[in-house]
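Chain nomenclature is as follows: A, B and C, assigned in order of appearance, with residue numbering initiated at 1 for each chain independently.
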Amino acid sequence: MVAPSATLSVLNRADGSASYQCPSTGSNILGSVNAPVELPGRRDALKPEDATIEVFVKPGTAPAGVGERYVEGILKTLLGRVILGREKGYPRRGVVITLAIIGGESVGRGDPYLILLPALLHTALLALLSASVPLSMTFSATVLAVDESGQILREPSAEDAATAQSVHVLAFSSKGHLLLNESQGSFDFDTWDKVRQRASAICHGTQLVSADGDVAMAEDVDGRPLEGTLRETVEDQVYRDYNWKINAA
Amino acid sequence: MASSAPPPALTLPPSQFARLQPHAYLLAHLSPPASSNQPSLRANGRQPAQFRPTSANTGSLTHTNGSAVVRVGDTTAVCGVRAELLPTSDIASWSVSHASSGAHKRATTTKNDADADADESHIQDLNLLVPNLSLSTGCAPGFVPGAPPSALAQSLSHQILGLLHSTRLVRAEDLRVWYQVPSFGGDGDMDVDAEEDEGRKKKNDGKEIKAFWVLYIDIMIISLAGNAFDAAWAAVLAALRDTRLPRAWWDADNEMVVCSEAVAEATRLSLRGLPIASSFCVFEADAAAGWRAVIVPDAEEEKKIEEDQRRGMQRRWILADPDGYEEGLSQERVCLVVDREMGKTVIVKMEKNGGWAVDGRELKQLVDTAAERWESLKLILEQC
Amino acid sequence: MSSPLVLLPGDEIPSEYLPSTSSAPLRLGAGLRLLSQPHRPTTSNNSTSSPSHVLTATQAGILSTDNKRNAVSILSSPRRRYVPTANDLVIAQIHHSSPDYFHCMITPQAPHAVLGQLSFEGATKKTRPMLKQGDLVYARVLSVGLGAGAEVELACVNPATGRAEPGGLGPLNGGMVFDISTGMAARLMRASSSTGEQQEGVAGLVVLDELGKKLEKAGGFEIAIGRNGKVWVDCSNSGDVAVKATVAIGRCLTTIDEHDLNPADQKKLVSRVLRELKIEV
């Protein structure tokens, strides 16, 4: 399994940005975050004590339609729970997240956005981190498909997903909560339970607590856990930014 | 205002308290003091897992092919299905896609399907199902009549379309208008693409698709008091069950599709299964505990919450079929669409977003609740 | 100092990283907060044994501790947006004026900050500076206000003493403003305010010292650094190379910011830029 790759702060004028490529699903997303921003008008519609989160998903080839509205809603609900919108400077302001799908297969009308959802979620998270928007935790997400023989496929391609019995997107927080589940197809609960376990292993890895109390990320069939990959991306950026400080110390 | 009278003690009628302190109001209902000996009920008098009374009525709109009005509590959805003919000659890519459709024919069909040979991809490829949900009816104070579709309406439309596709509720076969090519004189008529037609004919025993029915499924939420999706989907389901398509055939002499006027000849759609949606929301006791505090429980605290729950100190409630008031107070939503086949519950769609209270164990319980809801709603839909 | 601790939102800060020297209350800076609280300490016995509070990061960055002030904060992305904090020095641009206030722009995204017409050194109703739209001021953030919709207030004078403290506050005349990242502005601030002669420069920056040495002959330069990611440079003493020198300084600073150059490269860059602009040193 080829790990996804990401870069932080790719755009100059946005407060935070990230680009994200996932080779197995072929998705390539560019995300930007501006926060906090004054939202023009509609002041009465803003929550007085919380930030208003706006998510825009721009498909690469067509104007955004109902499918995008739907996936924007999913992202908004999830991110709304993760962003600390009550921190200083955020109430009554907006957190505007724009995600452009710049590569990979386009999503047709009525097609589920499920395959792209983890990539969109990760891009949004990295862009938020790059903009230093206060978050209560990080998360990682994956998409799994179950085929007719009950085999679980990780990060299926669009064709695989079309032939699969069911497709599941799961997101886990860095504290181990199940943050999001989107399942479609036809399946029973036991299948879902297996999918959940596999997804948890993909996102967190199998955690081994070693003698000195460190949590070691174990390598398993799914390669490095996604959480570790995301963390490394952010750490790399931090090390690059604070090179001068680290070298001096 | 007379200032002479002594100011009365500050007492509020419950309805005002509900508006001023909605969170505390619902919390007080759900966790009454132990001394009061009152059961834990929601502000609307329901048990946490109780759905609102549901009624359905079909065939109320006479100018549609099928229609239904579904009322779930104070949420009312009207659905009308209108069928229009789409001649294959109007489909630009028809001859190409039809010839190649055999290759990915089995893509979406499953082994236990009765009509395994049906090519279901037609519905999705040709957009034969067009649902559209409208909230701009003045159904709730926030929705202005005549406004462009809100993000919620668009997202609900998409959810319904996605569910129609993923459940494969409507059979593509029901939407096809066939023409039996007479076995004589075939070579005389075909000139340009005779070769291609030859292949097609062989595959379909001389039958040809001349047109498709396109179903325009329009849903109007005429009153919105929370949980629009359940009501809208139930209305779609009831309307599709009610839909009759007139008998249509290809008139070879006039080269057009002709429909029969006789009502007796119209056929109902044969739907696959009966997927029924149940939505839930999670109400958290400490969500508004501190004005600024956001408390994120970690795994250990989760365990503690569970322990408390066993001791009867509940801090989270999963509320079935939330009304508008409850929806405004909760962030986490669960939406389940289940079907039952031969006593087994099949999950068709399972969504959970916006929080961390619901995990595997809770979802398992909710699937059971949704299965019970399936039984009761099935009766309602079958009676109407 | 051990290797720096990189934290992501939701990570707990190990207690050994917290300064524990003084008895003063711990001050939480940007990017940190008390997120996880043990619930209901009365219901369970083991919660009393666990620490009474857990500090959690809310931004990604390096943990930075200050033992003197007993403070901890997170240094997050240096390219982040400037968020006004009391006592920061900023370079603001006048947008328009009203009878009592100048309305200034600190960052293009944020709402305008107000600067009292009389908050200048020695200003009275008669002698107050007449600033026009587009003029620049070097000001201190007096208060950021509490709650939603509060206005940021600036001042070019210390309200207690009536003097422009620290020096240099007030209108900026002439010169030129360059945009840099907020992280770079903070570093420049530390580099320019410290007088100690250090081998490696302060905060990894030697560019100001280097430029100072090289441009001394040409008449030196004036610089004002705003925490909002602006740097104002003026070389009006430099005579006919004034414009060239200003451009050279600006180019050096923005290039170092963009490419995160180390001290050796900074020196090379300074020489190269001065050579390219044909400024004699």
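As a convention for this text, a residue touches a chain if its C-beta (ideal position, glycine included) is under 8 Å from a C-beta of that chain, and two chains touch if they have at least 3 such contacts.
Here the structure is a predicted model, which means the values were calculated and not measured.
**Student:** Please indicate which chain is farthest from subunit B, where distance is taken between mean Cα coordinates of the chains.
**Tutor:** C
**Student:** If you average the C-alpha positions per chain, which one ends up nearest the average over all of them?
**Tutor:** A
**Student:** Just curious, how far off is subunit C from subunit B if you go by their C-alpha centres, in Å?
**Tutor:** 54
**Student:** So how far apart, in whole Å, are subunit A and subunit B when each is placed at the average of its C-alpha atoms?
**Tutor:** 27
**Student:** From the C-alpha centre of subunit A to that of subunit C, how far is it in Å?
**Tutor:** Taking the mean C-alpha position of each chain, the two centres sit 32 Å apart.
**Student:** Residues touching two or more other chains, restricted to subunit C: which are they?
**Tutor:** Each of 10, 35, 56 in subunit C touches at least two other chains.
**Student:** Please list all residues of subunit B that touch 2 or more other chains.
**Tutor:** Each of 294, 296, 298 in subunit B touches at least two other chains.
**Student:** Could you check subunit A for residues that touch two or more other chains and list them?
**Tutor:** Residues 49, 84, 87, 136-137, 173, 175.
**Student:** So in the complex, the part of subunit A that touches subunit C is made up of which residues?
**Tutor:** 8-9, 15-16, 34-35, 37-38, 48-49, 84, 87, 89, 91-92, 129-138, 173-175, 231, 234-235, 237-249
**Student:** Which residues, counting only subunit B, touch subunit A once they are in their complex?
**Tutor:** 107-108, 110-111, 124, 127, 151-152, 154-155, 157-159, 161-162, 165-167, 291-292, 294, 296, 298-299, 302, 331-333, 339, 344-356, 358-360, 363-364, 367
**Student:** Please give the residue numbers of subunit A that touch subunit B in the complex, ascending.
**Tutor:** Going by the criterion above, the answer is residues 49, 65-67, 69-70, 72-74, 77-78, 80-81, 84, 86-87, 109-112, 136-137, 148, 162-163, 165, 173, 175-189, 192-193, 196.
**Student:** What residues of subunit C sit close enough to touch subunit A in their complex?
**Tutor:** 1, 3-4, 6, 8-11, 31, 33, 35, 56, 58-62, 75-81, 83, 109-111, 147-149, 183, 187, 200, 203-205, 260, 262
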